[in-house]
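Chain naming follows the written order as A, B, C and D, and within any one chain the residues start at number 1.
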Amino acid sequence: MANLTLVQAINLALTQEMEADDSVVILGEDVGLNGGVFRVTEGLQQRFGDHRVVDTPLAESGIMGTAIGLAMNGIKSIPEIQFEGFLGPAYDQLVNHGARYRSRTRGAVTVPMTVRVPVGGGIHAPELHSDSPEAIYAHTPGLKVLMPSSPYDAKGMLISAIRDPDPCIFFEPKRIYRAFREEVPEDEYTVPIGKAKIVEEGSDLTVVTWGAMTIQCINAMDSLPEDLSVELIDLRTIYPLDVDTIVESVQKTGRCVVAHEAPLTAGLGAEISALVQERCFLHLEAPVQRVTGFDTFMPYYKMELDYLPEAPRVAEAITACAAY
Amino acid sequence: MPIKVAYQATIEYMQILDEQGVLDADLARDTLTDDQVVMLYEHMSMCRRLDEIAFKLQRSGRLGTYPQNMGQEAIASVALAARKQDWMVPCYRENAALFLHGLPPEKILQHWMGDERGNQIPDGLNMLPMSIPIGTHMLHAAGIGWAAKLRGIDQVAFTFFGDGSTSEGDFHEACNFAGVMEAPVVFFCQNNGWAISTPRKKQTRAETFAQKGLAYGLKVRQVDGNDIFAIYKAAQEAIVDAKAGKPTLIETLTYRLGDHTTADDARRYRDSDELDAAKKKDPLIRVRKYLESKDLWSADLEDAMVERNKVKVDDIVARATNIEAPKTSDIFDAMFATTPPELARQRDTMHTHSLGQFPQQETLSNPTPHPAHA
Amino acid sequence: MANLTLVQAINLALTQEMEADDSVVILGEDVGLNGGVFRVTEGLQQRFGDHRVVDTPLAESGIMGTAIGLAMNGIKSIPEIQFEGFLGPAYDQLVNHGARYRSRTRGAVTVPMTVRVPVGGGIHAPELHSDSPEAIYAHTPGLKVLMPSSPYDAKGMLISAIRDPDPCIFFEPKRIYRAFREEVPEDEYTVPIGKAKIVEEGSDLTVVTWGAMTIQCINAMDSLPEDLSVELIDLRTIYPLDVDTIVESVQKTGRCVVAHEAPLTAGLGAEISALVQERCFLHLEAPVQRVTGFDTFMPYYKMELDYLPEAPRVAEAITACAAY
Amino acid sequence: MPIKVAYQATIEYMQILDEQGVLDADLARDTLTDDQVVMLYEHMSMCRRLDEIAFKLQRSGRLGTYPQNMGQEAIASVALAARKQDWMVPCYRENAALFLHGLPPEKILQHWMGDERGNQIPDGLNMLPMSIPIGTHMLHAAGIGWAAKLRGIDQVAFTFFGDGSTSEGDFHEACNFAGVMEAPVVFFCQNNGWAISTPRKKQTRAETFAQKGLAYGLKVRQVDGNDIFAIYKAAQEAIVDAKAGKPTLIETLTYRLGDHTTADDARRYRDSDELDAAKKKDPLIRVRKYLESKDLWSADLEDAMVERNKVKVDDIVARATNIEAPKTSDIFDAMFATTPPELARQRDTMHTHSLGQFPQQETLSNPTPHPAHA
């Protein structure tokens, strides 16, 4: 056991999987000597060589497209996209090829690839360095979409993703890369894809969230009156959704708040809300409340915190929903 | 010296078998044997016939949109130069090469009949299915070649695409990655003069497509694309270079004798003069002339071959047509190695449940409504 | 008045706007002599010259990116993307530039561009020629997203889009390009962006849909018992959503079905469902039902109709929702 | 002739003012006047100082991540060759050119202070804001130039980007569109040897970046990027060509003397020897030597200038810092020409309503629940 940050937990998972399996290869911009702009891959090139930790040309479609090609020919590729905003140039390769090859070839060609991408706001970064595009990829068939909210989960989920025979996007909430530490076992372990985590149990209201918002939600709950018993669910996996855990919780509590950083309209909150009312209709005592980013771009950093649904906004939403 | 030469380049064009069937014996040395030429001729002729039949199948509603390969059959030569372990990463106008490399021809028909099983590449065959999005698959070839290098196995990835495809950004990134990673990849740009209705001169101001490879430090070459010898030789040399970490871009000058696809009518945008001129350069005609000049071919042999090819093509069509219908469960089960629960639910209820989505949906028969609504 | 197909109505709108405004320019693959693969731009190059109806190189990012540049320098650009699947390579330019310039520059640089894209399934086309990505773009701030379901609306909406000072995506449901004709006025007129259309009034249940699905829904309604009074709403504009029209209707009927071709998860149906339960919670007599494509790719055409939520599936959903 | 030459190309490198400040008078004819050189020197020095101050502002938490331009100031020359009506479509290492073309320098600071108003290009100035996504903005320059041509107005679009940027597919598509559309565009590739930690040799196997332009039939040129004369002359000639429908790609050989940004530490990946060698080629040093050799500069003039530049930079920083805070309503109102109703609702309730989203949400106080739930 070591007390690790999210960055360190990811680095450890990568190290151990590369150690265990020669066919694991990391590629991306500045992932080598520089260890990536967030130092997530620090030390890996020195350890495994520049043929397994590869600095690529500055071309996201190229990174994604060759990672797909690598994966089709015996390499478990781990492309890194430097910031979620730069998934844009890689979008076509990811959704129209990476996600599709298995289905397109009825299983003859598969793409065991894990795309690592820092995601989300709150770090005072420039434009396109603070977005939350997870709903886009949840809507795209053929991809598994993961986002941990803690060092422990990060390690276990990343190992699951790397070993998964299908393409996974592993979103890393950059705001909490170094925000706190957690005990993380030395040994390899997996956290299953598709299983949400009940962070706190409760009986009055269910909060569903994921990624860095999990921390905001915990903070929000700390500010609420003692007698309001809130159940907090961290989805961990965005697709496939762990519908059963959500439904079970809301059937118990009768109330639900969904919180995410991404814009409101057609965000993943809409899906959770729709699912909940479909499956818990007769249990619902209040409309499912969404507390989200606005239908605008993440503003430049001077107003970043006005955009993000920080803990106080989450707390208000919970209070309003509970009082309905 | 304030002005000096920073860079210089020269690109060569190669033709070995000319339009009249005359061979340049020097250049032809160590390329195709007589047997191979005869085999290629028969194979290319079979492909031509398959194309004609596919056209008819489309017109009679038994096949979807189909892109004829007519006029570009000489690309088959690449498959003779390639080794069993090499990869083919194709677009849709190199059927002739794919079949020779081992793809059962009915797969191509099945694909165009709207059936994913046409893309189900048989085990042991290193090949990707035809790429529908243009200009995007060359990156996979770059990755595949790179993987071979990483794994220390001797494989070359051949990828094929048209003149139009070179305008996509992914072409650029594929060539650049192959160059930087010193990956064993050979890029075949089949320049047939058109991208649907867009002529070559609207596609780029570059004088050749070959020169596009200079941007990546690739080896580059332009060859007569209707010349099985030139293509073979270029591929042979490219394999040697690829194995030494030097990818090659080869531009083949050819022509699309048919419409873009069966949904297209080339007369809307293309001069008949141009087509007539191109017909004289048909890759089949010149091989036949050559074989005849060497007394390797005759009218009798031709007749016998035509009969054999009819049977072959009928057979291919039969295999494509007589396959059992696909299962709707495949739509779901092919998505992931293990089908996630909600997706399985969609699969299992698609025919029985009204929405095909929510058998679990709370209904009035659900016995435990929440007190607030009771 | 003339009796026109959808294709003809679009062609007419383009002709008239090009006639009226010299700065309108069409660009795309094969839009010139060939008139586009669906012949939507037929005759326009002959009429307006090859400097105003421009065959471009085969490069969607290039088409989108230069269309943005054109629009920033005085040209009302109308890029055509040949099929919705090929929005992939243009995605980055569209969402990270086209949609953003106004906000990024606080109004100093604007992009009056209308992206035309054939969309949806049902025409026996190959892979990537039958998708419905509208939810992706509804989730993307800064874009107006339109999809007509009739020749009359198509003409009026396209004219609105071309005249709009901001980037619009004009999705053309290819399945009904030539499926039927409608009286379309000769004169120019506009159909406002952001206004849904009540196709049929009703009091028992609201169906919300758009594009080619509108026809499936009409067919479904024809098959229902006479005494079930269904109100059919065609959104026409996907973003900004006409929330008021939907809410008013469901507050009246108490029941809602949403139908779309795109996959279920995180599709636009989720947004409608979420909105409806937020704003009509106390009126809802049944959960909002979604009848949609599955969370898979649109299969190749042999099984295309098994995927699409055709009229019978819509009718079953309506019946189930009404019976709840 | 079965093998013939299909294509040939030669690319020249030009330097006019060498590292020692020695000028090639022949090449320099009709380029910069003495006054212009003095002005450029003062301007470049001001930019250098601004860079140093920006670095300090970042370290003291008053500025976000900032990419220093240090060492690449000679690009300012382009703005002297450009006309008022020409467009600048930049990345982030050509501040010196943008300021000369008319951009108030505080705009750049404002941008990096996390304020969109830094991108609010003043009316009448033909310029785009710095592009954050790398290698994607050159397409806008291609479109802008093309628009000028369509409208029959005399404008040239200058676009700037780094060596790394040329690996993006959009670079390829931008050059190709400019070529095909014969658009008045000049592409400046500032090759500073690095893309963050990625050295030039991992970026491409091409021997020069200039040769990438051959793929599109562009005019191509390589120049000393620390030489204000060579850059000026290349830009001058490129304008003439651009107006004649011939876009140019110019590779400028320069060096990034600082870290990639304030978030970077170049010592992690870059040899100090390389940096030391590059410092000797500093564009400022050689201009000063040149001016001194012509008796146009002196230690006194230098001191006076340093004082002036201090004041100028203090002024710029004051203007960037003293601006009133942005309004949160801007987040919403800048989205569309007319704010749609739901977005206005989000704006109007963001501070007052718990969710900032649904003031209209049905609440228990809503007086008309449906009978079924009554």
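The rule is simple: a residue touches a chain if its C-beta (ideal position, glycine included) is under 8 Å from a C-beta of that chain, and two chains touch if they have at least 3 such contacts.
Just so it is clear, the structure is predicted and the values come from calculations on it, not from any experiment.
Trainee: Most remote chain relative to chain B, going by C-alpha centroids?
Mentor: Farthest from chain B by mean C-alpha position: D.
Trainee: Tell me which of A-D and A-B has more C-beta pairs in contact.
Mentor: A-B
Trainee: Please tell me the distance, in whole Å, between the geometric centres of chain A and chain C computed from their C-alpha atoms.
Mentor: One centre to the other, that is 30 Å.
Trainee: With centres defined as the mean C-alpha position, give me the chain B-chain D separation in Å.
Mentor: 41
Trainee: Averaging over Cα atoms per chain, report the distance between chain A and chain B in Å.
Mentor: Chain centroid spacing, chain A to chain B, equals 38 Å.
Trainee: Of all the residues in chain A, which ones touch at least 2 other chains?
Mentor: Chain A, residues with two or more chain partners: 56-57, 59, 61-62, 85, 88-89, 92, 96, 103-104, 127-128, 141-142, 241, 265, 278, 281, 284, 287, 289-290, 295-297.
Trainee: By the touch rule stated above, which residues of chain B touch at least two different other chains?
Mentor: As it turns out, chain B has residues touching two or more other chains at 116, 133, 136, 167-170, 173, 176, 180, 202-204, 330, 334-335, 342-343, 358, 361-362, 373.
Trainee: Spell out the part of chain D that touches chain B in their complex, as residue ranges.
Mentor: Going through chain D, the ones touching chain B are 2-16, 18, 24, 27, 167-173, 176, 179-180, 202-208, 210-212, 214-218, 222, 373.
Trainee: Would you tell me which residues of chain D are touching chain A in their complex?
Mentor: Where chain D meets chain A, its residues are 64-65, 111-116, 132-136, 164-165, 167-170, 195-198, 202-204, 263-264, 268-269, 325-326, 328, 330-332, 334-335, 342-343, 346-347, 350, 354-358, 361-364.
Trainee: Okay, in this complex, where on chain B does chain A touch?
Mentor: Chain B reaches chain A through residues 87, 116-117, 119-123, 128-129, 133, 136-137, 139-148, 150-151, 155, 157, 169-170, 173-174, 176-177, 180-181, 330, 334-337, 340-343, 358, 360-362, 366, 368-370, 372-373.
Trainee: Taking the complex as given, what residues does chain A use to touch chain C?
Mentor: So the residues of chain A in touch with chain C come to 61, 85, 88-89, 91-92, 95-96, 100, 103-104, 127-128, 135-136, 138-139, 141-142, 239, 241, 262-263, 265-271, 273-275, 277-278, 281, 284, 286-290, 295-297.
Trainee: Tell me, which parts of chain C touch chain B in their complex?
Mentor: Contacts found on chain C: 29-30, 32-35, 37, 55-62, 85-86, 88-89, 124-129, 264-265, 287, 289-292, 294-297, 299-304, 306-307, 309, 313, 316-317, 319-320, 324.
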